[in-house]
Amino acid sequence: MALEMTGEYVLPVARQAVWDALNDPEMLRRCIPGCESLEKKSDTEFAAVTLAKVGPVKARFKGKVRLEDLDPPSSYKIVGEGEGGIAGFAKGGASVTLADAEGGTRLSYRAEAQVGGKLAQLGQRLIAGTARKMADQFFSNFAEALAPGSGKGGKKKG
Amino acid sequence: MKWTAIDDFGIVINPMIVEGQVHGGIAQGVGQALLEGAVYDKHGQLVTGSYMDYCMPRADNLPSFNVDYVVTKCPSNPLGIKGCGEAGAIAAPVAVVNAITNAVGHEDVPMPATPQAVWAAVQKSAKLRKAAE
Amino acid sequence: MSASSIGAPVRRTEDRRFITGRGQYTDDIRRPYQTHAYFLRSPHAHATIKGVDAKKASKMPGVLAIYTGEDIAKDKVGDLICGWMVLSKDGSQMKAGRHPALAQGKVRYVGDSVAVVIAETPDQAKDAASAIKVDYGVLPAVADAAKARDPGAPQIHENAPRNTIYEWALGDAAAVDAAFKRARHVTKLDFINNRLIPNAIEPRAAIGEYDQGTESFTLWTTSQNPHVARLVMSAFIGIAPEHKFRVIAPDVGGGFGSKIFIYPEETVCIWASKKVGRPVRWTAERNESFQADAHGRDHVTHAELAVDERGKILALKVKTTANIGAYMSTFSSAVPTFLYAPLLSGQYEIPAIYCEVDGVYTNTAPVDAYRGAGRPEACFVIERVVEVAAREIRMDPAEFRKRNFIKSFPYQTPVASLYDAGDYPGALDKALQLHDYRNFGKRKAESERNGKLRGIGLSSYIEACGVAPSSLAGMLGCGVGLWESAEIAVTPTGMVEVLTGCHSHGQGHETTFAQLVSAKLGIPMEHINVVHGDTDKVQFGMGTYGSRSGPVGMSAIVKAVDKVIAKGKKVAAHVLEAAEGDIEFKDGKFQVAGTDKSAEFGAIALQAYIAHKFPTAEIEPGLK
Amino acid sequence: MASVTLTVNGRTVSADVDPRTLLVQLLREHLHLTGTHVGCDTSQCGACVVHVNGRAVKSCTLLAVQADGAKVVTIEGLAANGKLHPMQEAFRENHGLQCGFCTPGMIMTAVELVNRKGNNLDEHTIREELEGNLCRCTGYHNIVKAIAAGAKAMR
Amino acid sequence: MYKFAYHKAKNVKDAAALLKKAGDSKLLAGGQTLIPTLKLRLAGPAALVDIGGVKELSGIALKGKDLVIGAMTRHAEVATSKVVRKAIPALAALAETIGDPAVRNQGTIGGSIANNDPAADYPAACLGLGATIVTSKRKIPADKFFKGLFETALGDDEIITEVHFPVPKSAGYAKFPNPASRYALVGVFVSRNGSDVRVAVTGAGEGGVFRVAEMEKALQKDFSAKALDGIAVKPRGLNSDIHASAEYRAHLVGVMAKRAAASAA
């Protein structure tokens, strides 16, 4: 199952500050939905454990989060992948772009997610919604943490 | 749905059993035409890994079938019989697709012709009709 | 009790055990000290295996052993094979990649087995499997047959460049081209024959058992052809010597082709039973069936039909790409070639046909025979293109078919098949009449008044069923015999055992075969027992698939019955003190022609065993 | 371990089971009643249907401990005193089975259907009520006939 | 299944206490969704608390203007109950379309609502009738109960005890089932209770069940299928999967809404 999602937020914060937050491990840990631990391995690589809960399904994913294609303070790609044991695996990535906007910064993202193994075979009707929800959650958590109140104003597209 | 099948199995030993074979084959053929399809995504993940997504024909998907025979003896075996196990599954899918394309008035209908596929085909017929007017 | 007759709707004798829950399917069998296998399957469609860490798993409760592809290789277990060689247009052999029972170095589809855990209970095996860590190097994958040969597509097997197994063709390309030039009308169509999963309601299962005392193996398995399974596993995979290897296919809950093949799981069960020294059993969960049973169909096809000004078909041209999956399953090469192209003439006189088929690897489950196997795909091609052609030239599709039907037999098609008999217009007319085809227009109009669309579709089919041994089959690369065996063993009390190499998994052979023997021998069906599915009981056989049990299996039975009658006549001649030539067999009695001297079938059977009344130098005792 | 006591086909049985044991596993593995089959893992195929306190349920989607104290009837318990149940007879008479694997679940579903909806069942009702039972062999044609006949015979 | 501890609750209080004590635990009602999930090892709670034996949670009764259904009431009981059939026939009809007969014999209304599957039927009825979900702790209006995909307002040790459905003047439900799973590809529940007109859609929305204001407005003026002519929901925000695109679902919402209204009117 492979899916693509896009969205954008306008944050009343300067571009550099948004960029710094995007690179802050503690910030990432707080924003990644279900993230139980995020351990820094290098400036751009982290070991992560996340607990994914979708209705009756509950699976713990152990894996990595990587930051790629860094172009400060304009864009990067955040990529995560994890193995969920018998449940299968999940991968997700989002290309994040920052641009100056009136009164702050426009954050736009293009995210994609892919699941494999049992989750893909059995969770067909749950995956699209879940992936979208996770992407939304990450960015709205991020916006909310950076500027309370701005997390609800995001625009999401398919 | 009205279904008629005429088969030539040569000499039939037990018609009850042979008709049962035909029924089962037709059901699998209708399944292929309307319901069943294994789907892999672009990464090679099977996304139809259970009966939640792979649609098996159920009793309420199917009609009863009219089954009858013509008989020509098979000259190449001592009993004059022909095989019957796969018959229903062979002729059925294409009969269904021919019927749907006949109904919608154009040939662009994929298998399986799921509700969504038929809906799309009906939309297309409407467009074609409009263009023709 | 009286004899049954051919053509009677006799109720099934096997039903009693099924309707009372007394069937014996593979998973119903329990063996002393049995263990349970669970297969750890790849969640990736294409990946290298960089390492398998089973240390933690192997110490978990109940775990007896964990094996990987390395262990299979170490024990020199042979690869699974494809039993039908297909040659490409250029004469080169098909490019079959290796197919080990447990993946070695690389996984090629989601569901490819990486390791097997053998434990005391199924739950323990599964618990341990979830603790095995596999380090995968994920590779790009291709699932779509139409894209498998793209320049950028990942290479799945090293020895099959561009994922191409073969580029095969049948027919006369030049004749077809010439005919298309003469055509008044050409119909062109593109379509996909969708991929199906057979889904017998009984999942596949196997129990392997090794007897250390006799150094012999027994495999209970959900097979449509136990003898072929034994042959392939001993001759090619090399797990057990054929004469010390018993394969039993007990009650089998549907097959539809998917249980013909020799799969990795039963191979591993029988191999591992010797290694752990205890019976090893495995039953698929439905989710595993979806992943790892051989799938069916999956063709991408372009077809063109040339028609002349009188509505006569001139030629057919077909180009198909067939998805073979990640490995070549037992019959996989033959399904989209020999079982497909020779049927493309359908019921029609088509002077020229040319068909090209490319078989390609993809990162999907192996694709093999599923009910019809190639023939539904062929029927789909010809019947779609004929239907559309009729609509395009504005001729009634039934009329168009009739105009092109083959009417005299034997008929040689341009695609190898020779048709021996048929009445195509008769069948179609009967169908049209029963269906009230004439008034379809009225029904359609009425539906339209109700805001609904109504359509009618026809299809006429021809099936090559019961493919039999022939020099053609040999020339075409078939690696197994296609005949069938039957043995009729009469006991001293006149009871009859029918041993057949066919296998019943829902077809009702126990009834039909007994009915046939009853009619031929004039004895009640209750006196007949049909035995199948056990290599220790039946000398040899090819099993049941391809609509073969009737034409091939029952033909063998008839020949065996004739032998019993012939021998019975010899015995009866001595018993009734008449010349052998004067003995007639009728209604279950041996009778001296023109007299009232006769003996019942059972009485002659007894005399055959007592053997006092005839010279044993000339006639062997017993009745077979 | 958890202990369960239930009545199966009129006989009281007790067992100590791991709580994760399904009713169908209790029947098949502990009691060797292998007539109840498992054909899927998502509760759709119906090969495992048995009666629990008179209601048809999927024994692969019920823990054995959930059935503690219940009256369970399986396909093996349907025939009384060696005489086939009318629904069993009807399946045989109407060729309502081929490979036989789905048959026990079909029959158990059919018997409960008649208990709920009576002896006169039309084709539409029967087909709708078979939503939870898959058969791959028969195309359902003869199963529907068998159930209609069996329903009448159960009167 | 992974190993778990099993607890049988005696009553609601006991169940809540067990849930709290067990930590990583799950409430087991009918189990028709939970058990397959456990079997496939897509979840592995440390404990299950079985409320199958809690008698006080079962039952159907008319109380004042409300139809009250206990959380452990099976779908089959709702489908066949004379009380339901008289008070809210659309609800009985809806219950009869859930799963299959064997699933209906075991599955419960409370389990279905607590799970809030985006394609389940009951959430449409709750939202479409303006039901109140009563829990071991409080009363929650349906409008505030369903929080998106599989999410509800329920706390960790909070247990649904009853659902109160106001008896409407008329109501209807129409469902287009997913051909494979038979869950709702799209299901629409409409009701009219005085001036309160509701249209609730299940199966279609990314975030689960939702109401359609525009349709409600049109039906307020004229409670008939015809009133919905020309009203279309937008594909944006609707589910898209191998069975149906968002566009097709949007189309189905219109068709099912009309059918539901026609059956209600």
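Order as written gives the chain letters A, B, C, D and E; numbering starts at 1 within each chain.
Quick note on the criterion: contacts are C-beta pairs under 8 Å (C-beta built on N, C-alpha and C of every residue); 3 or more make two chains touch, one makes a residue touch a chain.
Please read all numbers here as calculations on a predicted model, not as lab measurements.
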item	value
Set of chains whose contacts include both subunit D and subunit B	C, E
Interchain contact steps from subunit A to subunit E (minimum; 1 if touching)	1
Separation of subunit B from subunit A in steps, with touching chains one step apart	1
Farthest-lying chain, centroid of Cα atoms versus that of subunit B	A
Selected pair, greater C-beta contact count between C-E and C-D	C-D
Remotest chain, subunit E as reference, centres from CA atoms	C
Subunit A-subunit C separation of Cα centroids, rounded to whole Å	49
CA centroid of subunit B to CA centroid of subunit C, Å	20
Inter-centroid spacing, subunit E versus subunit D (mean Cα positions, whole Å)	28
Where subunit B and subunit E are represented by their mean Cα positions, the distance between them in whole Å	36
Touching two or more other chains - residues of subunit A	85-86, 116-118, 120-122, 124-125
Interface hub residues of subunit C, defined as touching at least two other chains	11-12, 44-45, 110, 123, 126, 130, 199, 256, 286-287, 290-291, 507-508
Where subunit D touches two or more other chains, by residue	18, 20, 40-42, 44-45, 95, 98, 131, 133-137
Set of all touching chain pairs, with the criterion as stated earlier	A-B, A-C, A-E, B-C, B-D, B-E, C-D, C-E, D-E
Touch list for subunit A against partner subunit B, complex	1-2, 114-118, 120-122, 124-125
Subunit C to subunit B touching residues, read off their complex	6-12, 44-46, 109-111, 141-144, 189, 191-197, 199, 256, 286-287, 290-291, 295, 297-298, 362-365, 371-373, 375-376, 379-380, 383-384, 387-388, 391, 397, 420-423, 426-428, 430-431, 434-435, 453-461, 463, 465-466, 507-508, 511-512, 515-516, 544, 546-552, 554-555, 558-559
Subunit C - residues contacting subunit D, complex	11-12, 14-25, 27-28, 30, 123, 199-203, 251-254, 256, 283, 285-287, 505-508
In the complex, subunit D residues that touch subunit E	2, 18-20, 22, 41-44, 46, 49, 55-58, 60-63, 65-66, 68, 109, 112-113, 116, 129, 131-133
Subunit E - residues contacting subunit B, complex	176, 179-181, 183, 185, 242-245, 248, 251
